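Two complexes come next, and they have one chain in common, chain A, joined by chain B in the first and chain C in the second.
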Partner chain A sequence: MALLSVDQLNVRFDTSDGVVHAVRGLSFEVNASEVLAIVGESGSGKSQSAFAIMGLLASNGNATGSVQFKGDELLNKPTDYLNRIRATGIAMVFQDALAALNPYMRIADQMTEVLVYHFGLSQREALAQSIAMLDAVRIPDAKNRIRLFPHEFSGGMQQRVMIAMALLCKPALLIADEPTTALDVTVQAEIMDLLAEVRREMNMSMILITHDLGVVAGYSDTVMVLYAGQVVESAPVQTLFDSPGHPYTIGLLNSILRLDTEDNALYAIPGTPPNLLLRQSGCPFVERCEFAIERCHSENPALNEYRLENVTRSRACHVEINS
Partner chain B sequence: MTKPLLEVKNLCVDYDIRNEHALPWKSPQTLQAVKEVSFTLGAGETLGIVGESGSGKSTLARAIVQLEKATGSILWGGDTELIGLSRQQMLPFRSQIQFVFQDPFASLNPRLTVGQIIEEPLTVHQPQLSRTQRRERVRSMMHRVSLLPNQINRYPHEFSGGQCQRIGIARALIVEPRLLICDEPVSALDVSIQAQIINLLNSLQKEMGLAMLFIAHDLSVVKHISDRVMVMYLGKVMEMADCSVLYKQPSHPYTQALISAVPLPDPQQERSKKRILLLGDMPSPLSPPSGCVFRTRCQYATTECATRTPQLQSTGNSSEHSVSCHFPAVSLS
Partner chain C sequence: MLTYIVRRLIIAIPTLLILVVLSFTLMHAAPGGPFTADREVPPEILANLEARYGLDQPFVVQVFVYLKNVVLHFDFGPSFVYKDRTVNEIIANGFPITLTYGAIAFAVAVFFGVALGVAAATHHNRWIDYFAVGIAIGAQVLPNFVLAPILVLVFTLMLGWLPGGGWEYDQPRYIIMPVIALATSFLASIARITRSSMLEVLNAQHVRTARAKGLPSHRVILSHVLKPALLPVLSYLGPTFVTMITGSVVIDMFFSTGGIGLSLVNAALNRDYSVMMGITILIGALTIGFNLLIDILYAWIDPKIRY
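Let's look at the complex of A and B:
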């Protein structure tokens, strides 16, 4: 049985401008010790699906469908119920560490709180474990620096604190929402290596949410590409990079600025993502797609599973593409 | 030989930092944000500036347009010294040097329409133009950055990030500057939109013969747009070279580390490549290390690096390639 299985997840927001369908019909599974990367542009619904799984949607958000963690239904369950699974079962690392940490609490208090709440440890034990965890994520002089406030750390160190805090209860699944987007490349490399290392050692699964295909290439097993709230393609990482099957994935891969090519002519996907307030009938990518046919304008393609060269993958597109 | 468009010599920017708990008679500490930076930029050329946050890239750009107080020399067009000019004296040069900022939303006035935003520099710099002439210029500029004519009366919040950046570029280019300074123009944008903006900047540069200073922390972005690249660390220039040379043969350990840290969008290559890790964090710019500023994070550092400050010197394999290191590596294997 999969560790996490999401089935037909829909997320919508009621706003003063109308209903925004942020996530539509999202289904996927995460197995034990697997890394699933969710890729997409801003507004593609990658963060909102993570928030829906964790029960963290904004008050005007509404999620339907099913999210099962080890067989337990999580969606729309009361906070008390979710709190037993948060941190111990599923933990989350947020993009903006400074905003996610409480600015009024010392790191020590924020970290021990987690252990005291979930495991009923004494303050002294909790502090010792927190310091050990900060050591593990390579924060120098953890014993003294745990007394500091979040703003006294650099961006990379704040992200390390967040990761340490997420790992405190040894979760089975870590959701990392753009963990390195706000950081410098050198720090990004360190943080991603650190995450990969602890993940291996703790045998933890991870959902890695990012827009950086370089990070995806280095650190994931399976990739799911989201566009306008829908999955357009899903495949094992090597397959996706070798033979992308959806026009959007092809466009994304072609438009990445790469260090390892000489070519200076850069492909750009024309246009911009659709407005999610307006519900289209056809494929959400149709306006920007160079392969589009008549049918794409009227009918939204379903996500179809298929096998190619002994690899099971899926894509949502009406057009045959030989890449 | 023609004179370079911009010649910067020994540019330094210092900030006085007062500790909030310091006693009133204590003299403030000096933070050197930019230290002795020198470079030249020819007409139509693009110089990329890279470095981590806090390396002084933005301060350098702001100093060139006199938004920060600087010492040293900034020679414009081979004969005009910009440092020390009053606001009034600086005005004619402002239309020749324009700026595109990082945050596409914050850099546009939310209460002005797109037309007014793009038109505003004309009212300041070319007051002789009539209203209709100005409108005509705005329309043709909007067309060049691929904004639709019917968008002229809309407000910035109605646009996406990429479109706002196009508005910012149109505003900068409407006065037909000779130098465009882009401070992280694409780092806030999505991948597919980044490519659009880079292509737009590249084609506008060719059309208008613009020189560009292109600041970014992303080395792959800089590679696609620059002729030469300057790598900065803690306010100092670590390495400067032609774009093709720098990425093939980075000589400074910091450049090597930066390049090796960029994730490659290819699973096999990315997992097999050797990565040079930097030790620790960037030191506080208030108390930079003695000698070479990079030595605290450098794996090759010796005692010599702590005592003697390396100067920016030519590597010998090309006159355009200079590096500030006692032990410049020959090439990255």
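Let's look at the complex of A and C:
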């Protein structure tokens, strides 16, 4: 049985302008100690998928479908029920660590409350474990710096604190939502290496959310490409890089800055994603697709599983592509 | 922190001095004021004034004398209207009354206002929310000069439960109606500010983190929402407290409570400039003092404020 299995997840938001279809028909599985990367442009529904799994959608949002963690259904369950799984079963690292940490609380208090609540530790034990976890994510002088407030750390250190906080209860699954997007390029690699290291040591599963296909290469097993709230392609990471099967994936790969080629000009996919308020009939990528045929305008392609060179993968496209 | 407080105090002191000098200057310049010759002043009072201010002295000297009396002795001088009363006596008579019902009304407004705002925000778009918003709007469109007679009509004339006016320090039944009349609109404002501020903070990213940590809802509210949500309320409370413990003219008139609000109106009507000046300076000093207190509280609560 998969650790996490998501089936036909839909996320919709009621707004004054109408219904926003942020996620449509998302299905995937994460097995024990597996890393799944979810890749897509800003606004493609990555964060909302994660929030739906954790039961953290905004009050105007609602989710349908199924999310099962170790066989337990999580979707639309009451807060008390979810709280037994949050932090201890599934933990989350958020994109903007400074905003995600409470600016009015010392790091010590933000960390110890998790251990005190979930494991009933005493304040002293909780503090000792929190300091140990900050040491583990290599925050220097953790013993003293745990007394500081979030804004007194650098961006990279804030993200380390965020990671340490998420790891406190040794979750089986870590969802890292763009963990390096807010950081300097030099710090990004450090944080990714740290995540990979703690994941290996704790034998955790991970969902790595990013808008940068370049990040996933060394750090994930499977990649799922999201476009306008839908999965357009899903494949083992090496397969995806070697033979992308969807025009959008090809565009994403082309837009990664290749240091190994002469041509450093950054390629960008022309056009913008569709408005999620309008539910169109065709493929969501059709307006930006250089391969589009007539059928793409009228019929949204389903996600089809297929085998190629002994690898199981899936894609949602009407057109045969030989890449 | 300490240097911050000291620095703020050092700024507050000249502000106060300027306030005193300015009100004296205004009074001096006012047409028909006590220092102009076009007004008949009883000889006893004129003698009083002469002795106190040295009206034959140059203006600068007069200001200095007034300033010295206020600052060194908290002495606002004699009344311009009542022969045998000083401004200090008038304030000492009315201010404790206003302070009593004002402070109680303030406590009531803060407690119920915050509670109502929090309840509304945590039950957003449910009946508690609509109920709270309804009350807040109702209380806000009902000014206290309308509410006060309604209270008297119901509780005094119809039910006969409470006296329609007067003041006894040791008898709560004299305090109830002034407190309700004064507190209601402030309670509504506090509830409204609390609610909208709570709703904003509830959507903040750090609150989502707190939920992701699996903390129970009440813990999330208590330790992650309340503090940031109450900061805007706090900044409203400083000036509000001063307003509530000083000038409730309407309350003093309707309930004959004998507070300082009435003294101020009487002084204005009688052109008792020294009383007006005294009360103005008192209110000004309280305003400066409480704003200072709120700023210090802010700095204490918000770790991001640099002193």
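Definition applied: the second predicted complex is superposed on the first by the 318 of 323 C-alpha atoms of A that agree within 3 Å, B and C clash if a C-alpha of one lies under 4 Å from a C-alpha of the other, contacts with A are read in each partner's own complex, and residues count from 1 in each chain.
In this text, a residue touches a chain if its C-beta (ideal position, glycine included) is under 8 Å from a C-beta of that chain, and two chains touch if they have at least 3 such contacts.
Since this is a predicted model, take the numbers as computed values, not measurements.
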- Using the overlay on chain A, decide if chain B and chain C clash or can fit next to each other. fit
- Message: A:Ile163 in the overlay: touching chain B, chain C, both, or neither? Say first, second, both or neither.
- Response: neither
- Task: For A:Phe94, select first, second, both or neither according to whether it touches chain B, chain C, the two together, or no partner.
- Result: second
- Go through the superposed model and pick first if A:His151 touches only chain B, second if only chain C, both, or neither. second
- Now for A:Arg84: first (chain B), second (chain C), both, or neither, which partner does it touch? second
- Query: Among the partners chain B and chain C, which is in contact with a greater number of residues of chain A?
  - Reply: B
- Task: Based on the superposed arrangement, let me know which partner A:Ala189 touches: chain B (first), chain C (second), both, or neither?
- Result: first
- Message: Applying the document's definition of touch, where does A:Asn102 land relative to chain B and chain C: first, second, both, or neither?
- Response: second
- Task: Using the superposition on chain A described above, determine whether A:Leu252 touches chain B (first), chain C (second), both, or neither.
- Result: first
- Message: Can you work out, in whole Å, how close the C-alpha atoms of chain B and chain C get once everything is superposed?
- Response: 5
- In chain A, both chain B and chain C touch residues none
- Could you please specify the touching residues of chain A with respect to chain B in the complex? 41-42, 140, 154-157, 184-190, 192-193, 211-218, 237-238, 241, 251-253, 255-260, 264, 266-270, 272-273
- Note on the structure: chain A partner, complex, touching residues on chain B are 52-53, 160-163, 190-196, 198-199, 217-221, 223-224, 247, 257-271, 275, 277-278, 280-282
- Would you mind writing out the residues of chain C in touch with chain A in their complex? 124-125, 203-206, 208-217, 219, 223-224, 227-228, 301-304
- Residue numbers on chain A that touch chain C, as the complex places them: 51, 54-56, 58-59, 79-80, 82-88, 91-92, 94, 96, 99-105, 109, 113-114, 117-118, 149, 151, 165
